[in-house]
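Below, chain A partners chain B and then partners chain C, in two separate complexes.
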Partner chain A sequence: MGAQFLIYGILYVVAVVGGLMVLFNRDTVKSAMSLVLVMLALAGHYFYMGQEFVGAIQIIVYAGAIMVLFLFVIMLLNMREREVMPWYLRSSRYTGAVLALAFFFLIAFGISTFGAVEVASATARPAPSNNEIFSMLMTKYLVPFLLTSVLLLVAVIGAVVMGRRHDPETGEEYLIDDEEMA
Partner chain B sequence: MEPTFIYTLVLSATLFTFGIIGVMWKRNAISIFMNVELMLNAANLAFVAFAREFGLIQGGPLVLFVMTVAAAEAGVGLAIFIAIYRTRRHIRADEIDLLRG
Partner chain C sequence: MPTLESLIETLQSWHLDFVQFAGGFVGGPENVLVLLFAFAKIGLVLAHVLGFIPLIVYGERRIIGLVQDRPGPNRVGPFGLLQGIVDGVKLLLKEDFIPAHADRTLYLIAPGLVLVPAFLAMCIIPFGPVIDGEALLALYTMLGLESLYTPSSTLPLAITNPNIGILYVFAMTSVAVYGITLAGWSSENKWSLLGGIRASAQMISYEISMSLSIIGVLLIVGSLNLYDIVGSQESIWHWNVFAQPVGFLLFLTAIFAETNRLPFDLAEGESELTGGFHTEYSSMKFALFFMAEYANMITASAICVTLFLGGYHLIPAEFVEGIIAWVLNFISSSEAGIPILPGTAALLASALAPLGIAIKIGALLVLFIMTRAIWPRMRYDQVMNLGWKLMLVAGLLNLLITAITVGVLAGIGARRAPSPADVGASIDAAIQNGKIVLFFITGGLLLLVDRWYARRRRRKLAAAYPYFGRSIGKTAGAASP
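Up next, the complex of A and B:
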């Protein structure tokens, strides 16, 4: 229990510190790298909870694919400029922080009243294995699983349509603008 | 009940709160987007924690679906940002008010 709990604590601290770094880094690239750190820590949590499938998917899809896409777009738009808030936005930050903290305490209150369901968990089944998750995807959740492929196809087409460079006069399509590169 | 279950839920709530604060604080549209991803991650963590605690199988598929939606959202959203950047040369969320009534 001791060593395991230590690993859990380290993952916990890394996740929280990474979240703070996402919040307080003004450099977008550093913010994105901190988000990768949070995602890896959460993958560690999934491994700790015995959900290897979810943890692997977390590393491959989130930390691998989605964050690379983010970093690629940051690179493409050359956004190394630091974020500076104009005066009219500064005061609203405090309002936002207070509202978010209120939300946190609302959730914390909900979690603290969780002792009531302890009885239900005593009779619960053991944690599901990866086999069960896979067979669930292929049987009960087959239709939603197939629909996700349609969703991804729509997203791919949408991304291409939104991202292409289209000249309305000549009808010409190209990816890189010459004058932008100059 | 495993002692870490409550802690994991608190971590999920904390990360979700960070995401909310980030969405309200950041000005850069990509930073806002990254904080949305942080919130989705926090929700995923809660899903897995509940599935583990109560022995439910549904947690894994649900997380998979959330990740698919997040991937699709990231792809289309970032393409929109690139399209906006082409005409405006910036993606500051407070200045893009084309649809403001």
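Up next, the complex of A and C:
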């Protein structure tokens, strides 16, 4: 019990501190790196619960792919500290507040529906084997799984369409320049 | 004067006392053994990788010297073997310089972020077989811990052996991008930044080909676990390189790109970028980048060997075991009084297995070095074209062909195909999760409205203040009315 408590405690502190660093860092790159830290701490939780597959996917997808793209975009746009929060985005604060409240209620709803006790006992449950997970994807969750791939395809095509502009005078297609992107 | 036997006996009983004492903290003496063996394995792997890096650097310079018809380093120590140590000392004594304009925090953590994932990925490489049964009993007896042996206890010669195996490797390699990217960004130097951006773009691009190239192997073996993958390649004809030649070539190319080695070392590109992402680094921080490059090469080679070249299998284990058993038999029969435990031959054979993987890793490292000696650096658009237009397509085709072949060989009906009932059940499951989906759709719509509102305000203001034109909204306070 002692060692388990210690490891969960460390991971918990890292995740929470990382989350606070995401919020309070004015530097975009540091904020993104703090988010990576949160993702890694969450993956640590999953690993320690015995849910190795979820943990590995957490690192590969979030820490390894999404956050690298975030960082890549930040670097390409060369966003330094002074450029956070353009004035015309200030109205977004209210949207953000509404979304944050809604998310809080979603979490509260989740915990009240499924119960905190059951979440804790997930640790004791044996982790499903890789084969079980993959056959679930191919049977029980087939439709959501396929829909996800369609969604990704739409996103890729959308990115290409948004990246290209049609010049009405010459009829030429050209890639959007960073002047317009910013 | 205590005799040797009594000394060994005291030591052995002390071992047992310690293990039983520590067992009180971690839930049983077996766990202490697991922890102790884990620490021993971590120490051994770390020491070997770190210890071999200077030798590899030396070997690289000598081999390139050979290729270019010049001697290479040959003055320090016999054949110049101590050159690595001298270089290390030189780097240690150099001034540790931090540019005034650099982002200090990120600048300081970047070298560590490059080095750590390389070592983390080494954690799951199987260096030898799983020791169990008689061999493990022999090991426990030698340590004086035979009372802790149970028939179910095993000792895999890998630091850890998770079921997700290869996914863990991908998790680590995907995190490896950060170090180089951040080093380039935090230096606040345009060459470094260009190097960092190039590195991240290249590593993201080739990660896809790398993942695709090994799915063929996973399909053939039917498991993600590295011990299962190595176990299926026991004899040389079962090495995956023969079943998956295209996959092997793609993987090999991808690891060259992932480790930023020639012909893909655009992140450094000294002729264009004066050194790329590590331009602003000096002294030991530069040495860390240097070490990380070689640690990454070792790790990538180890993964390649494990997946495609039979892992630690080199000479059949029974053959080695037979020779060792014969030698042991000779010793015990010639000098009475040295009893040989029954599992010793198997134990020693397992202990020699890491030599097999070490030889193969060495061979791949020579390939890395020779490639550097004979290939020019590629142009950036060539790198991107190769990754996205050739390797990705080849990987997908290879996957398709392998999947069909494996499916046909296994018998299409052997595995359960999705039925109409599954489709219905999965739609039900999707509807059950609909509340959460609804939440995200609502949130997304809110964001869209918000974006539209912000854009309208920006347009209005731009129309009202034509002088600012397009520059309105680009900087925080300056253009704000």
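Methods note: the second predicted complex is superposed on the first by the 114 of 182 C-alpha atoms of A that agree within 3 Å, B and C clash if a C-alpha of one lies under 4 Å from a C-alpha of the other, contacts with A are read in each partner's own complex, and residues count from 1 in each chain.
As a convention for this text, a contact is a pair of C-beta atoms (placed from the backbone, for glycine too) under 8 Å apart; a residue touches a chain by one contact, two chains touch by 3 or more.
Computed from a predicted model, the values in this text were never measured in an experiment.
*Asks:* In the overlay, answer first, second, both or neither for which of chain B and chain C A:I66 touches.
*Replies:* It touches chain B, and chain C stays clear.
*Asks:* Of the two partner chains, chain B (first) and chain C (second), which one does A:M162 touch, if any: first, second, both, or neither?
*Replies:* A:M162: touches chain B, not chain C.
*Asks:* In the overlay, answer first, second, both or neither for which of chain B and chain C A:L37 touches.
*Replies:* Neither partner.
*Asks:* Kindly classify A:V143 by the partners it touches after superposition: chain B alone (first), chain C alone (second), both, or neither?
*Replies:* second
*Asks:* Counting touched residues of chain A, say whether chain B or chain C comes out ahead.
*Replies:* B
*Asks:* Using the touch definition from the top, say if A:L76 reaches chain B (first), chain C (second), both or neither.
*Replies:* both
*Asks:* Please report the chain A residues shared by its interface with chain B and its interface with chain C.
*Replies:* Common to the two interfaces on chain A: residues 53, 57, 65, 69, 76, 83, 85-86, 89, 92, 99, 130, 141, 144-145.
*Asks:* Contact residues on chain A for chain B in the complex?
*Replies:* Where chain A meets chain B, its residues are 5, 8, 12, 15-16, 19-20, 22-23, 28, 31-32, 35, 38-39, 42, 45-46, 48-51, 53-54, 57-58, 61-62, 65-66, 69-70, 73-74, 76-77, 79, 83, 85-86, 89, 92-93, 96-97, 99-101, 103-104, 107-108, 111, 114, 118, 120-122, 124-128, 130, 132-133, 136-137, 141, 144-145, 148, 151-152, 154-156, 158-163, 165, 177.
*Asks:* Contact residues on chain C for chain A in the complex?
*Replies:* Residues in contact with chain A: 25-27, 103, 105-106, 162-164, 167-168, 170-175, 177-178, 181-182, 184-186, 193, 196-197, 200-201, 204, 207, 223-224, 416, 418-419, 422-423, 425-427, 429-430, 433, 436, 439, 442-443, 446-447, 450, 453-454, 457-458, 461, 470, 472-477, 479-480.
*Asks:* Considering only the defined contacts, which chain B positions touch chain A in the complex?
*Replies:* 1, 4, 6-11, 13-18, 20-22, 24-28, 30-31, 33-35, 37-38, 41, 44-45, 48-49, 51-61, 63-65, 67-76, 78-83, 85-86, 91, 94
*Asks:* In the complex, go through chain A and note every residue touching chain C.
*Replies:* 2-3, 27, 29-30, 33, 36, 40, 43, 52-53, 55-57, 59-60, 63-65, 68-69, 71-72, 75-76, 82-89, 91-92, 95, 98-99, 102, 106, 129-130, 135, 138-145, 147, 179, 182
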